[in-house]
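Got a structure for you, written out below as structure tokens; questions coming shortly.
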Amino acid sequence: MGFSLLPKETNLFILFGKQAQFAVDAAMLFAGLTRKGNFNTDTVQKMHDIEHQADEICHEIIEKLNKTYITPFDREDIHRLATELDSVTDMIYTISRRMMVYKINDIDADLIDFSSVIEKSVRALACAINGLSDSKRPQTTLNACIEVNRLENIGDTMRDAILAKLFETIHDPIFLIKWKEIYLFAETVLDICEDVAHVVETIIVKQA
Amino acid sequence: MGFSLLPKETNLFILFGKQAQFAVDAAMLFAGLTRKGNFNTDTVQKMHDIEHQADEICHEIIEKLNKTYITPFDREDIHRLATELDSVTDMIYTISRRMMVYKINDIDADLIDFSSVIEKSVRALACAINGLSDSKRPQTTLNACIEVNRLENIGDTMRDAILAKLFETIHDPIFLIKWKEIYLFAETVLDICEDVAHVVETIIVKQA
Amino acid sequence: MGFSLLPKETNLFILFGKQAQFAVDAAMLFAGLTRKGNFNTDTVQKMHDIEHQADEICHEIIEKLNKTYITPFDREDIHRLATELDSVTDMIYTISRRMMVYKINDIDADLIDFSSVIEKSVRALACAINGLSDSKRPQTTLNACIEVNRLENIGDTMRDAILAKLFETIHDPIFLIKWKEIYLFAETVLDICEDVAHVVETIIVKQA
């Protein structure tokens, strides 16, 4: 089995960059659909295309990992990074599908705000991941990770405030069942972003 | 600590085979109880017995793993395979208990269909796991993994269609609360099967 | 990078001891708030303080782990122990927040009983974790792990009985939505405790 170290490393960083970009694409599309109240077969199909391409990259990374002896950082960190980052895009796709299944196409100010936090978090995450290839500027990467953690806390507080408002003002239980789940999923996106940021921090700390 | 490599390996494959068979037994029992609408203390106790035996095998595998220096494939893959496979049986037991707790004994065509997808997925998974001991025919194993992935996609689509139908036609929120959870759990079984299939694929790729 | 093995090991056990104590503090506070029906901004802030301190210790352990070459037990077991133990405190904090968000301040006998099982489980877990530093008495540690497993089974049975009672006697779906989630979270605490106990058992078995 012949291989050259540098190209493979480069390759891995390019793949992670692509995977992060698909997560950004998904977050942008989700924020756009939320602003327009436009979750239908066509738009969710677009989300599915993004999710599918992200999935292919994830498999490519793991296959490469399984066939490579020397890796730029710990194997288990590469594995976790690829699978958790994949979960970000997956979860955004899952919310979009559920919005369609529940036929929720009201334009909702709270969900617009929340989708904007998700987009910011995924963009910060992409910045952190792209920073991994430049080991000379770890601080930029770490700052992006801190931003992801900050946005997760903001999301927690927003979700609690939104849930409290929903349960105080809405008396239609079916409406509550649907929205409670949408916000559960939305908050889960931020949780997974935070998990990915932790993996990135771990990689940086090990390299220090 | 004396040990012989071959018997231990053989042993491990036998244990995984048994563990997979318990998952098949659980999936078959679940499909049967669904067809008869028959989740009660006695039948759920039968499911518990299967879950308990599967659990014992899982512990046996992990104990063996912790005491063995040389393993037929990567330690973390063995650990993940055993624990995730255990989760398949666990989750089928969990749904069965919940059906009893919610006193759902209507015969429901959608759940019968879904339980049949679960049974097919678990059978394909068992086929993949049994194939691990025969390193000369990796394609058969990989095909079984592809089948598990295919069934997970089918399950996703079915679950969305069923949820959409439930929320359109049912106006009793308590009924919706119960069934939404049952299908969440049912879909989770297929998700975990897919996770197990990914571990099997990883093992095959590493051996290539 | 200079370091002395023993102080670092000692240090790690002290950190795990502190982390376990924060989990006990959280479980005690939760049981107390349940008995008084007193989940409000002030009391949940107290829970947040505990959660935050536990989080800091978790980060300290992982940072130490990432910078240390020799560890008293397997790196991945230390990592899992720290993160899963952190999840125990996190989840108790999450339930407390949700009780406040849902404005549930009824004194409920079932939740008092359940919170007492949680407290017992977390105390047994702390006992198991503290036992890790004393490799001469593994049986005490293992017995504590068995107790955690036993309490998880008790919790499962209690949760099923409580859910069955709720769905039989309560006809307000919004009430059911809230309480179903509280008990889901409560049972999850016991599940995570069991996961932590499994990590402890793994460590003991490997040392045998």
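Details
Just so it is clear, A, B and C label the chains in written order, and each chain counts residues from 1 on its own.
Methods note: a contact is a pair of C-beta atoms (placed from the backbone, for glycine too) under 8 Å apart; a residue touches a chain by one contact, two chains touch by 3 or more.
Predicted, not measured: the structure shown is a model, and the values here were computed from it.
To overlay chain B on chain C by their CA atoms, one rotates by 120 degrees, a value rounded to a multiple of 5. In a homomeric contact, the two copies may use the same or different surfaces; for chain A and chain B, under half of the interface residue numbers are shared, pointing to different surfaces. Chain A and chain B have centres, each the mean of its CA atoms, that are 27 Å apart.
Chain contacts: chain C has residues 76, 173, 177 touching two or more partner chains.
Within the complex formed with chain C, the chain A residues making contact are 76, 160, 163-164, 167, 171, 173, 176-177, 180, 202, 205-206, 208.
Those residues of chain C whose C-beta lies close enough to touch chain A in the complex are 62-63, 66-67, 76, 97, 101-103, 173-174, 177-178.
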